[in-house]
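Some structures to go through are shown next.
Look for chain A in each of the two complexes below; its partner is chain B in the first and chain C in the second.
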Partner chain A sequence: MTFIHRVEIIITNKKGVKDPEGETIHKHLILRKGYNVVHNVRTGKYLLLTVSASSEEEAVNIVKEMCEKLRIYNPVVHDIEVRIRG
Partner chain B sequence: MVKVAVLKFPGTNCDEDVHHVLKNVFFVDSQIVWYKNFSLNGWDAIIIPGGFSYGDWLRAGAIAARTSAIEELINARDIGVPVLGICNGFQILVEAGLLPGALLPNESGRFVCRWVRTYVERPRGPWLSLTTEGYEIHMPVAHGEGRYYIDEENYQNILLKSPLIRYAKGDNPNGSVYDIAGVASEDGLILGLMPHPERSSEDLLPPRGFRPGGRIIFESLVYSLKRGW
Partner chain C sequence: MPLSLEEVEEIRRILGREPTEEELAMFEAQWSEHCSYKSSKLLLKLLPSEGRHVVVGPGRDAPAVKVFKDWVVVFKIESHNHPSAVDPYNGAATGIGGIVRDILSLGAKPIALLDMLYLGNPRNPHANWLIRGIVRGISDYGNRIGIPTVAGDTWFDNAFNSQPLVNVACIGIAKPDKVVLTTPEPGDLIIIMGNSTGRDGLLGSSFASKPLAEDVDRDIGAVQVGDPLTEKLLIDVIQILIEKGVVKYIKDLGGGGLTTAVCETAADHNLGAVIYLEKLHTRQSLTPLELLVSESQERMLLVVNPENIESVARVLDEYDVMYSVIGFFTDDGIIKVFYNGVKVAEVPAKELAKPRPLRRASTPPLEVLKGLKPLYNLPPEPNYEESIVKVLTSLNIVSKRWIYEQYDHEVGIRTVVKPGYGDAAVLRLLDGSRRGIAVKGDANPRYTYLDPFNGAANAVAECFRNLVAVGSKPIAIVDELNAGNPEKPEHFWYFEMMVKGIAWIAEELKLPVVGGKVSFYNEDHRGKQVKPTATIVGIGRVDDITKAMTMDFKENGSYIAIVGVTYPELGGSEYLFRIFGLEEGEIPRPRPSSELRNGKFVYKAISLGYVNAVHDISIGGLATALIEMAVKGKIGFEVDIAKVFARGIQRLDEILFSETQARYILEVKGEYLEDLLKLADRLGVKVSIIGRTRDRNSVVFTKNSTVLVNLDLSYLSDIYDKTLEEEIEGGV
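Let's turn to the complex of A and B:
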């Protein structure tokens, strides 16, 4: 029995890889408007997939494997998070 | 003497072109003003030129729209100073809520750079005062995020009561809804458009089959500032 699951992929630059877009949004918009409680901004890319699988765990595993095989992210510079959309 | 401010942000790159056209083609006194030094006092009109303010980060125009220069424009929208936003300037006006709708990445996913035919609907206000209904304006576009979007309800209730610039049939370069190239406030005082009038105000510039259409926008301003609109 398979079900449709919604799976999210979030790709961000690794710690240590500069993110000028995030820095600009942080410095020129957020801090300038007084949100000093915000210490850091990292931008990224978001993908939402609908996946047929027998369980949430299987859906996540399929997507994780796909991300590696198709190089959806670049492991040299990116971190990736794959999770079920709540 | 009429004085026009050309507002410059980090990443603006069409300021010199707009300044050149105002000064050398239409003999209008204009000044490029760095956004931090901008104040509304003393200007007869304000032009926000094209470019890539703040690197187009977050969304094109989104960060410039939250600067004090633009907030001053938002607070002063009723004092009657004409404002023109070209390309990235249009994106800034839309992000600031001074004009309705939104500008999204082109349907093609590509940067598009070519001449297009546009036409005017319901001309009103200082930027279109010398045009008439259906007046054709030829200008080049050069943008990656120019796909205008507005929902059906606001299109009916706001845009169809305001001056509009549309791409001619078959000339929509970016997938904008209703072929919209430019929109204005109901009174036409604030106009934003994706095509570049400053790149189409001299006879040398248009390719075969096109005319320097952008002239009419600056001519309208000069005329209107003298005679009213």
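Let's turn to the complex of A and C:
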């Protein structure tokens, strides 16, 4: 029996890797408009998939494997988070 | 590459004591191949670099050439092979960033980019991923900084599946009196402007100076992320600072980071420097060692007289460019580095900047015998029509539209001859005159693999022909030598022969090699070197851009002329590889005196208005070049290959596909045929009239009156245009 699951993928630069887009949004928009309480901005890519699978766990595993195989991210540079959308 | 024991010993001798940790890191960064050229320096001296056009030769971040009385062109080539193998998107993007900053360092305005890509087989999943990432990285960065990518060269080969070659070039223009050529003096302030320094790219040039590891994940520190927004700001503020005349000297912080930028500037001008590291603006908290060798992108060094510091600061503040005044130059030749009042390094600038050159061992491997083997027992000639189609659809020949359509090639409205339509790109100066410049990049990895000396010479010759074919006068070239591991004599030999080949033909063609770059350690984790490749970028002068020539056939009934003599030279050809799967044989001979003679003739024929279209004959031979002209002009032709002036031909495929150098195809206007032949006679050039263009949808090759080939032009156009996209999008 398969169900439809909604699975999210979030790809960001690894912690030690620079994020120029986030820095630009932070410095040239947020701080300039006076939101000094914001200390840091990191950007990334978000994908939302609907997947047929027998369980949530299986859906996540399918998506994880797909990300590896299709090189949806670069493991050298990116962190990836795959999770069920609640 | 970590320092060798001998090098550490040498450092002890220079300092007269044990080096500090920071000093060792500085030496490791600066003495890497990437920064110091220690293995290549002696051989590079063979290259002729002088000439009446040369304003700045090798040695600075970029050379400058006086192309017109009132304009200099600053241009340079760079490789980003290793970063692109690990992170194709950012690796290729930061390559563009680096080459643009080299051009900025002379105060020139960057106007065009070229990319020369030697990539793997798109049907290999890893190579396919690299190809997409590299092309997207270049296009995203180039498009965002608003500099068009106007020309390039592409090659696909299994040899580059895990280690691609990403060579990029940038062209800038400047007024001769605005090129930054003044000398830093003691007391001048050192400013670092642009991005804040972070841990990214730590010892990256040291990373590029060793073979690719199988597990590259650990090299995370060497990954750099491009920031085109900051780069664009740097481009803009430098134009303003130059205009105001308030900076004396500019240098890019590239490989080796702060250490290289400071010690090279000091050493080149017999200076020392005092640096206060804590003043550098940073992204995160860093140790003094990290501050010295971080290779964070989009940073530049400015040298400013103290009395101009306020006006420099005003410009940088106004544009929101971060900067820090980190120290000043001294007259004692010593670089002293302080961190919060503690001295962390004290090294003589010259000894740090210029390690002792090495004469590496050099031995030809047995494999080179392949390139010495005459071809005498080839399989029988297959059907000519099938061969033509197969060669035309080689990825090294088909339209590269899939690549260049991702690039913005029209920003700045400078481009007169666009990608795909001319043998070189032609750019307007945009100064109200009709003057312009032509640019092109070339290489043939198969040639240099089979015969590095002649292969590298042929790359120079092809660049020369491409520049002539658009109606320009070739002025100067820069070279990028992509080689294997210099510590292996059988790799180093290829490098040595490529340098010697370029040096020889550049002298013969009177084309100064005004600058260049060397990339070693292009080998995979098993220690196998990629095909050694000599990439040449040349510039030419165009006096009247309205006469710039393209390769597409223009009218029905005009004459088709072959310039030059055809020899049976199928060794190393695209035909041999595509049809018989062979990569062997003597490659075509370089023919410098024919190049000069035939080049002069073609240049004259263009400026006298005798011709409608010009195309040089290179890979794929005569048959391929003719079909390219027909496909681009949507006009067919009928030619008789018995009329091609050739020597020693034994089979017809030798006429159709030989890659003999120094040849061009011209589409000659009917009314000028006699004049053209007279001109050829006067200059002693062999020209054969082999047929005419026909406004029919077919391309026809005959031998006397026998039809050998009759192919549908729309069919050829279709496969020429679509093959690359299909291979990349659908191949895996």
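A few comments on the model shown:
Criterion: the second predicted complex is superposed on the first by the 86 of 86 C-alpha atoms of A that agree within 3 Å, B and C clash if a C-alpha of one lies under 4 Å from a C-alpha of the other, contacts with A are read in each partner's own complex, and residues count from 1 in each chain.
Please note the rule applied: a contact is a pair of C-beta atoms (placed from the backbone, for glycine too) under 8 Å apart; a residue touches a chain by one contact, two chains touch by 3 or more.
Keep in mind the model is a prediction, meaning the values are calculated, not measured.
In the superposition on chain A, A:N74 contacts chain C only, with no contact to chain B. Of the two partner chains placed around the shared chain by superposition, chain B is the only one that A:K33 touches, whereas chain C remains out of contact. By the document's definition of touching, neither partner reaches A:I4: not chain B, not chain C. Shared-chain residue A:I25: touches chain B; no touch with chain C. Comparing chain B with chain C, the partner in contact with more residues of chain A is C.
When the shared chain is aligned, no partner comes close enough to touch A:L48: not chain B, not chain C.
Judged by the touch definition given at the top, the superposed model places A:N13 against chain C, while chain B stays out of reach. Comparing the two interfaces of chain A, the one with chain B and the one with chain C have residues 20, 24, 28 in common. If you check the complex, the residues on chain C that touch chain A are 86-90, 125, 129, 133, 198-200, 216-217, 219-221, 223-230, 283, 296, 320.
Residue ranges of chain B in contact with chain A, taken from their complex: 54-55, 57-58, 62-63, 66. Interface residues of chain A, counted against chain C in their complex, comprise 13-14, 16-20, 23-24, 28, 71, 74-77. Those residues of chain A that touch chain B in the shared complex are 20-21, 24-25, 28-29, 32-33, 43.
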